[in-house]
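These are the structures, in structure tokens.
Look for chain A in each of the two complexes below; its partner is chain B in the first and chain C in the second.
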Partner chain A sequence: MNLKFQGKRISGILAILPEYEAHFDDEIQNYSLSSSNSMKLKKIMGYDKHRVVSDEVCVSDLCIFGLKHLFEMNLLDKDEIDALILVTQTPDYIVPPTSNIIQGTLGLKQDLLCLDINQGCAGYLVGLIEAFLLLGNNAFNKIVLLNADVLSRKVSKQDRNSYPLIGDAASITIIERDAVESEVFATLKMDGSRAEALIIPAGGMRLPATDSTAALELDGDNLRSKNHLKMDGGAVFNFMQTEVPPMINDLMNFAGISKDDIDYFLFHQPNKFMLQKLTNKIGISPVKMPSNIVENFGNSSGVSVPVNITFNLGSKLTEQSYAVCLAGFGSGLAWSSMFLRIGELNFCGIIEFGNKGDL
Partner chain B sequence: MRDINTLLAGILEVEKVYDEDGLDTFEAWDSLAVLSLMFMVDEEYGVIIGNDEIKSAKTIGDLKSIIREKLGG
Partner chain C sequence: MKRLVEILQEIRPEFDFTAADNFVEKEMLNSLDIIALISTLEEEYGISIDGADIVPENFNGLEAIKTLVEKSGGTI
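On to the complex of A and B.
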């Protein structure tokens, strides 16, 4: 479906990254890989450094740390928040919603909508769309969109398909009305018939986590349990190859623009290989499409979009404004793209979360 | 446009491939090779081959028939 919004804008973006940096070179021994194959993967997929939390850190910890920072720096007034949307696949609890936990811990007002959304790599865009929709009602003036995941805790350390590229991260995006009649164009598609391409089989009601679901099983060269994330790399690549380029064309047609009108293509970052293939296939200059997030921080699912924005554009966005195309695609399966102007933000940057000291 | 044999030999990191060669006999035939094949076939011939189709192939000959079928015989 195609969506158009008017008079709404992003006014600030903060990314929160765990301070701890894991290195692929130190983890090679966990995988059944020859050293030449490891080097090949490192180069092609962009396996290098990735940010991961220590085992006790939850999504709410990262979000609360970031929100407190914004309150302390007077970049956000807690009484002005009308909705707390949290997009995550790794909530603190099944019940209650993690957004309610965050509201309670921070002592936010009761006139507030707390809403958890379970979406992955397209989640940042789904969250933005939800925020824009809420702003269609006068009861909402300022939306805080949290997008956070600690998926490293759900990936087997002996799964070379997923562990070398997984990253944990959180982001806080402020969305509000804009006096200028700016336009936002978005596309959104879902296909649950391909749900198994990215799945954590156990831990929900369908297959509750037990001792037997925790047992490690060999799948090809990879050891993982049913409690771990399982990615069918080929199916995901096929999905990306067939759906993403037409999605970008559809967005351009819908918005009545061409690729040349876009300053930056800020996409979800699955791995370097897929992004470079996408850049070629869509036919855009690599200069306009950063692909450096996985090698520096890992793939943090949907959060890789705001990490991409803050890392590659950062403080430039507090002064200037750019025409950007955002895109997310992954678990669900779900895929979404968005054309909008981002700029003159109140803040745009990255802070680090020291795993224990900051709790 | 590169010949299919040359393309497959490049992905499998060998000098030559033969139709009867079993894919499992190549050390380089791993998940990354599957992704590379999907992409290179798309780039060279403009056709998209499915992950499931590749998984069903046992030999070089099987892979070639899948690609040829997409190219319209």
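On to the complex of A and C.
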């Protein structure tokens, strides 16, 4: 599916990262890895530091902390918010929507659309597309897009495929109408026939969480329960290598541009190895494609794209604008890309969340 | 081939790769082992393995790995 939007812009991006930084070197003992293989994988995969929340922290805590920061800094007026879109795979509750919890806690107006979307690594792009669609209706002038996940709480600490990489984070993106008729081009594809490549088997209505589903089971060299995230690494890698390069080519054709017209390729970052293979396959200079998020913060699923933007471009985006290509790909399976200009933002940065006492 | 066997045994010393086949099905190599193997092969033979070639069947035996290295421009 190809989509084109006009006269809409991102006006601010804030990333919220847990203050606590876990280190792969301290976790090696949890995995069945020899010392030499651990060091090799650390270098190849980007296993190093990752930000994780403590067990009581939920996505609403991270989002509320960030929104309060914006209100206090006069960077966002709460009365101007017409929609709160939250993209997450780790909601506070099954019922009610976590976006409603955030609205209620912050005392936002009732003339407001609260919308939870369950999407993973493509979630930033899906959220942006939803925001642009809403802005096609005159009732909406300012959309707050929240991307947040605390997936470390759903990954086994003895799963060496996933835990060394997992990161928790949230982001707040403000989307509004633009007086300039700027254009945004996007592509979006979904394939539910491959849904089991990334799945948390238990905890929904199909297989409710019980003592039995909480039992740890050996799967190859990993110990995890059915309540934990299960990733078929080979299937995900193959999906990324076969679907993402043609998606980027399709986007370039749709927008009538070439890769040379792009200043930065700001992609979801699953791990360093996958990203480097992808960079080679697409034929992009590594200079234009940062790959430093996993080693510094971990893979925070749909939040990794805004973390990538704020960490690598940050305050530059409050002064200048750049032609960027965004891409996200993961659970669903879902994959999406977007070409737009981002810049002259009201704010663009990262803040740290200490613990629930910060609220 | 001797060096290839040495590389495999550095990654999974508990297995005898000369006496077996179907490395992936028999769980002698998992997905992280394959990534470690690719990285070593790329360094050792000065090659770059195409992402589309990173599929289980290309790592299922010594001959399959040799064919992959040669397809990627290396010589074993």
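Heads up, the rule we're going with is that the second predicted complex is superposed on the first by the 357 of 359 C-alpha atoms of A that agree within 3 Å, B and C clash if a C-alpha of one lies under 4 Å from a C-alpha of the other, contacts with A are read in each partner's own complex, and residues count from 1 in each chain.
Everything below uses one rule, namely that a contact is a pair of C-beta atoms (placed from the backbone, for glycine too) under 8 Å apart; a residue touches a chain by one contact, two chains touch by 3 or more.
Computed from a prediction, not measured in an experiment: that's the story for all the values here.
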Task = Would you check which partner chain A:Ile174 touches, where first means chain B only, second means chain C only, and both and neither mean what they say?
result = neither
Request  = Answer with first, second, both or neither: which of chain B and chain C does A:Asn280 touch in the superposed model?
outcome  = both
Task = Determine, under the contact definition given at the top, whether A:Leu41 touches first (chain B), second (chain C), both, or neither.
result = both
Inquiry  = Just to be sure I read the superposition right, which of the two partners does A:Ala22 touch: chain B = first, chain C = second, or both, or neither?
reply    = neither
Remark   = Shared chain A footprint, chain B vs chain C, residue numbers 37, 40-41, 44-45, 161, 220-221, 233-234, 237-238, 241-242, 273, 277, 280-281
Inquiry  = Which stretch or stretches of chain C touch chain A in the complex?
reply    = 10-11, 13, 27, 30-36, 39-40, 48, 50-52, 54-56
Inquiry  = Quick check on the complex: what are the chain A residues that touch chain C?
reply    = 33-34, 36-37, 40-41, 44-45, 160-161, 220-221, 233-234, 237-238, 240-242, 273, 277-278, 280-281
Key: Complex contact set, residues of chain B against chain A   = 30-32, 34-35, 38-39, 42-43, 48, 50-52, 54-55
Inquiry  = Quick check: in the complex, which residue numbers of chain A touch chain B?
reply    = 37, 40-41, 44-45, 161, 220-221, 232-235, 237-238, 241-242, 273, 277, 280-281
